[in-house]
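Per-chain numbering from 1; labels A, B, C and D assigned in written order.
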Amino acid sequence: PVGRGGERRAIALANPSLGGRPFATPTLWAAIQYLMPGEDAPEHRHTQHAFRFVVEGSGVWTVVGGDPVPMNRGDFLPQAGWNWHAHHNATSRPMAWIDGLDIPFQYLTEAQFFEFGRDEIGDAERITPERSRSERLWGHPGLRPLSAAPATPGSPLLSYKWEHTDAALRDQLLLEREGFGGTVEPGHAAVRYANPHDGSDVLPTIRAEFHRVARGAETAPVRETGSSVYQVFDGSGTVTVGAKSWTVTRGDLFVVPSWEPFSARSEAGDTDSDSGGLDLFRFSDAPVFEALRIDRTQKDA
Amino acid sequence: PVGRGGERRAIALANPSLGGRPFATPTLWAAIQYLMPGEDAPEHRHTQHAFRFVVEGSGVWTVVGGDPVPMNRGDFLPQAGWNWHAHHNATSRPMAWIDGLDIPFQYLTEAQFFEFGRDEIGDAERITPERSRSERLWGHPGLRPLSAAPATPGSPLLSYKWEHTDAALRDQLLLEREGFGGTVEPGHAAVRYANPHDGSDVLPTIRAEFHRVARGAETAPVRETGSSVYQVFDGSGTVTVGAKSWTVTRGDLFVVPSWEPFSARSEAGDTDSDSGGLDLFRFSDAPVFEALRIDRTQKDA
Amino acid sequence: PVGRGGERRAIALANPSLGGRPFATPTLWAAIQYLMPGEDAPEHRHTQHAFRFVVEGSGVWTVVGGDPVPMNRGDFLPQAGWNWHAHHNATSRPMAWIDGLDIPFQYLTEAQFFEFGRDEIGDAERITPERSRSERLWGHPGLRPLSAAPATPGSPLLSYKWEHTDAALRDQLLLEREGFGGTVEPGHAAVRYANPHDGSDVLPTIRAEFHRVARGAETAPVRETGSSVYQVFDGSGTVTVGAKSWTVTRGDLFVVPSWEPFSARSEAGDTDSDSGGLDLFRFSDAPVFEALRIDRTQKDA
Amino acid sequence: PVGRGGERRAIALANPSLGGRPFATPTLWAAIQYLMPGEDAPEHRHTQHAFRFVVEGSGVWTVVGGDPVPMNRGDFLPQAGWNWHAHHNATSRPMAWIDGLDIPFQYLTEAQFFEFGRDEIGDAERITPERSRSERLWGHPGLRPLSAAPATPGSPLLSYKWEHTDAALRDQLLLEREGFGGTVEPGHAAVRYANPHDGSDVLPTIRAEFHRVARGAETAPVRETGSSVYQVFDGSGTVTVGAKSWTVTRGDLFVVPSWEPFSARSEAGDTDSDSGGLDLFRFSDAPVFEALRIDRTQKDA
């Protein structure tokens, strides 16, 4: 197992412009976490707001406050601060996901607390349901349980399954084709993961989105205050950040710094993308900027 | 067709304690509306917030701002004020639904406006899709389109399909049986229809809920300020309002006045209820009371 | 004393279009209350939101939750629902004020509760301070006590003294004269009484404002949903409501119904107005309309 | 004059634990700014939220968006981001104030923008009114102008004059003595500077408070996430931060880091304090923590 001390087996992205610290941006941490067959990660909790976004594999359950949440490629699992959580891998294959946290932000502002939990989760938590209890309570579109309001900040829905994200993006591109809009701009579908309790961002400090750029389409350059991390979930294309352009393919991670114009061109073909487009997962610190009224956006002509 | 003048073929519930006016409660209007095969209802709009809840049949499409929304038994269709809407019946059967509006409230406060629209909807609107465009944009759980925020008050999701409501209630009762709560009280599952944009009530003045009371269960008496209308969607049982009790079965409508204790006992059996329980649709003026800080609730011992 | 049964000595305004009930508008109650020298009014509380606006005299203290609040001509005293209150008149003169409540609104929606309190207030409450304790805590501009947030809806500031209202209006007209705006329109100064805790209306269902129209000025006709009651606090002029115009002078009360255009022309002169203008106190049900998103405003050309 | 390049003559507090940068805390900048007789500071604007708190002297006017705001000992002048501002000193004496900004926070998050304005303000701005226009519009307790809502984040009231702060604190201590509470704890009066528009903090990222500890009183130790800067405005006493205690007197500045327990004991006497107590001005980054739901408070027993 992944024991105490290590706690987790993760490779953090260290932005070279941030002085050697393992920070992806001034406010965001991004790491690839890897769990071997049969491995567990022990329980802990921290004030940092976190999420997992599964990039490869399946068969791991994250146990959040006793609720086992399945993880499969494309699933997004938000994890608001101060919730107990552990992982167990029930399959015979390794698995990989992106860990996103607001560690740099909470480190800077000196907001962070951490506690160790149990070394082992109980048998009742070592089960492998297809849906977490949180999904069964909060995962029905437009419906909320009368039984309880969420006790803590952040989304009470602990998993946003890939099938829903994929369907929503597909619907947007079809609506556009039928002449009814629905996309951000031609060929560019996008959704925000939202808290079903109040429609806010899934985490108080982190916004998460998924973008699909149809083959041949290109997004218009946009500048925003605040920083973002992108993962190329599927497909391939060219991204431009400020004065630099480069080619990206499935699995790549990159950063867009504050106020640098960003655009993406989809060159994905039928063979290198399930959706036929460039699929981009994005997370950013936008909620910090909006809550504090320091957000700015500019579309370059 | 249902022509101008009549505008709609509806039987309104007139509460005998309200002086002969066609009002179900001091604030709420409830009517059964009936549309014959092939009939249309012409277009109009009004400031009254409204919804349709389908009690029998299928095959009608409500056209809201040009978006045809299918209607089938159990579907809930909110319709915030000042949206253009018309209906067309594409099948060979009649169909019935409950019309709920805040007519008495807006009449009393002298808030209402009304406008006639087109006599006939266009061919492009006379189509019969399985999902409305609003559902394709807003009906994916926990996901919201980046393309647009709703321009008007009320939910941008124009249909809450029965299959989701049914599944959510079933999940709650199963969670309870597994020992994880999820219900309001033993044997009593309930959901609120919510605006996916911000988690608020679907309409500024009307709250809509669906309750399922498992066979043999009884809800605890609760008093609330504000009035409610209930429809027995399925099953049978006994309801108690204040000092009176009576038996209800599928299709019945009744009212719970302000501050009268209400409870329901499910006597539904396998043969008279698809879900095996007493299924109650409810709408109320609770948002008015909460917004104005005049709400009170009391659970009687 | 004004004993139980009568509770208060008040003359309510009964709008002839409202079926003989003592209601000024469909949602608002307005009465002139009169307290004789040395008289007390016994303690009670009710869910209705209320205020007192002093039109003549001085020397009465309203005791709210044990806090004696002085009353003098021009003072505005909001009184959110469910607070205990009584009055005592410490002087040798009678006194008159306007009582404004949301009685019709709460009556219609069946929201109201009422309780009798003590017959006599205690000696410690029969004192005559110049400022209430609420003013000493909440009456310093832009400053709020760290010691406590208000426990109930409505303003924690129990008196808005005339000297501040008068100064604010004078300042606006001077700023306009100096070329810096500050008025609603030329010659028309206006303030809203606001909750210092959160800037909201002083009462959840009632908005209160004070308007000063400089001599010779006329306000542009405005239509709004919702109803208002005006009192001519000082000066004289001509008001137009819909198709009717009439002359008003100090002490007059009138109503502006929903969606009727209203304008006022000041004909006040130096001798009939302390401020040299037409001074209008106004209260309305605007917070109800805004909270429920049924408000509309239109400036006629 | 203080020309371009220098822009301002200020001594910044550099916390030795922050790596040599001129930051008082991880999020806050504090400096003493000094303006000589007859000097001006040229116009500029920046996204950083800022304030001035006058510690010595009088006779300077800050010109904010063309509105000259007088500065006198004890006055607090908030200055939300992106407003043009300049200073001019109309007297024959130098003057000193504390400049507080969220520079470290905006620097870290890469949120900041800056623009130069005019080199010289106009004659119409070089006037010396006793009250700014913002005070004439927004400085009347509980009253807000109907003419305009603030266009930008932050308080529309540009000066909180010392006389009001002093009176509010005096009132609290008197109320306590009369047996009616009003203080935070025995002998400890405190106010928060608030936005009169909505009751929020004066600046989106900075909270400002004023505390008065009566002679002989001691505040209970409190831990809070987030950092604070204190200035001893008047009086003397002993402060304890974590394990360290030291004596402070008028003019001292000190910092309380995140989660360090803080308490203050007043040893002020009649001769060394106008109020007879220990007067502490405080500013902190609390709004950041509260907006992002990472705030914690703990009162040590």
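Note that in this section a contact is a pair of C-beta atoms (placed from the backbone, for glycine too) under 8 Å apart; a residue touches a chain by one contact, two chains touch by 3 or more.
Remember, it's a predicted structure, so these values are computed and weren't measured experimentally.
With centres defined as mean CA coordinates, subunit D is found 53 Å away from subunit B. Each chain gets a centre from the mean of its Cα atoms; for subunit A and subunit B, those two points are 35 Å apart. Centres computed as Cα averages put subunit B at a distance of 39 Å from subunit C. Annotation for subunit C: no residues touch 2 or more other chains.
The touch graph of these protein chains is a ring, one cycle where each chain has exactly two neighbours. Looking at which chains touch one another, you get A-B, A-D, B-C, C-D. Note for the complex: subunit A touches subunit B at residues 133, 136-148, 155, 157, 160, 164-165, 167-168, 171-172, 174-175, 180-184, 190-199, 202, 209.
Here subunit D touches subunit A in the complex through residues 26-27, 47, 81, 105-106, 108-111, 113, 153-154, 204-205, 225-227, 257-259, 285, 287-289, 291-294, 296, going by the rule given at the top.
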